[in-house]
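Order as written gives the chain letters A, B, C and D; numbering starts at 1 within each chain.
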């Protein structure tokens, strides 16, 4: 999976560089998040700007990251959702679970307050 | 077919705004060219920048335009060919028939000399 | 009025790497349909999604991830009805149990809810040689 | 080594508007193949092209543009060989005659030359119920 990971201080930015986040690659995303948690990095921004399609297992991987971050007193926030991807969060009511920002800068700034 | 036609003085610029130029829409391109010839516009630039795929009938429509333009002492030149589209012209040796320019400005300028 | 009459039958190995092939075929069908007055790009996403969800279930739950097995999918359109059939050779399951959404913080269990929300009809039935998930959308 | 084993069987109306559906399926297959060391984007274009050319011929020459007829195409991959079959119910034609390129200024007659150049094997044969153009590419 093509993933760009960058430590921005207040949070780690993970930019998913894939057209699809589905049952084929969501496990890998989960593993990358687990590795960050093990390193004590509990504040994440997952940027989905490049992602055109998410399925239920992609959503599941993000929920898993959110729960892990929360249980370590961190947070996982999302940014860059394309219109149809956003609809998926609404259909599954996950837009009430995640803090969702227009772009990664805004999401990162929210960690600095 | 999505086609942008603009009279630039020395030549008419036809920009094909389609991903594919194939047996489904090449007939339409031919008709638009014929209409221009009927109006006495015999110098054409066909810009293929947006075109990702050309089949043999797309090539055939361009050859037809080229022959019509030539027989009226005009010319039909091409611009903006994507790499794989260019390969199609080479495979069929049509790169020796057409004057091919990087972009439409260059092709138009060649008519002004 | 000329209506679409399309039949696509696909067999691929039981591997998630082919999810995108099947999903893209669904998208492309949505984009080439002759008569569709709704939002084509929404339909493209929806068909991509239900095909991906149904195929992922067949791979992971029915064929238990065995990469040597095969997944068989049929997509057809007759008289403005789009029908998807996904065949599996597993033991079957109680489909109705998963139609309602679970807890928002569950990691799994959204697939059947999504297919059920998007499609007009959905059923899961035994056949001579396994089970078939059948979904219908009126176009 | 796990090899790809794929079978796609497609039936669409005898209309050029479906050329892009079939062509895109060819492209998507090229992009998802497990074992391919060559240029994937070139293979994607080539499969798109030969499918488009063969199907356009079936539509225009064999089924004579009748929109109520049907085009039937099979794409399969077995043991690193990609096989395309395009069935038609026309009168057939002398295939060999068109394998060489014609005059550069001909408007027609490049389809079979292109298919012949791109694929490793190509044949056109009678079947019980019509003709089949069969093309093979070793992957």
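Here is the rule we go by: a residue touches a chain if its C-beta (ideal position, glycine included) is under 8 Å from a C-beta of that chain, and two chains touch if they have at least 3 such contacts.
Predicted model, so just to flag it, every value in this text is computed and none were measured.
Chain centres were defined as the mean of their Cα atoms; on that basis the chain farthest from chain C turns out to be B. Chain A and chain B have CA centres that are 46 Å apart. Between the CA-based centres of chain B and chain D the separation comes to 26 Å, rounded to the whole angstrom.
Taking the mean of the C-alpha atoms as each chain's centre, chain B and chain C sit 42 Å apart. Along chain C, residues 17, 20 each make contact with two or more other chains. Contact between chains, as defined at the top, is found for A-C, B-D, C-D.
Those residues of chain A that touch chain C in the complex are listed here as 20, 22-24, 53, 55-57, 59-61, 63-64, 66-67, 84, 87-88, 91-94, 96-97. Contacts from chain C toward chain A in the complex involve residues 16-17, 19-20, 23, 41-42, 45, 48-49, 52-53, 56, 59-60, 101, 104-108, 110-111, 113-114, 117. Those residues of chain D that touch chain C in the shared complex are 2, 4-13, 15, 17-18, 20-21, 24-25, 28-29, 32, 34, 67, 70.
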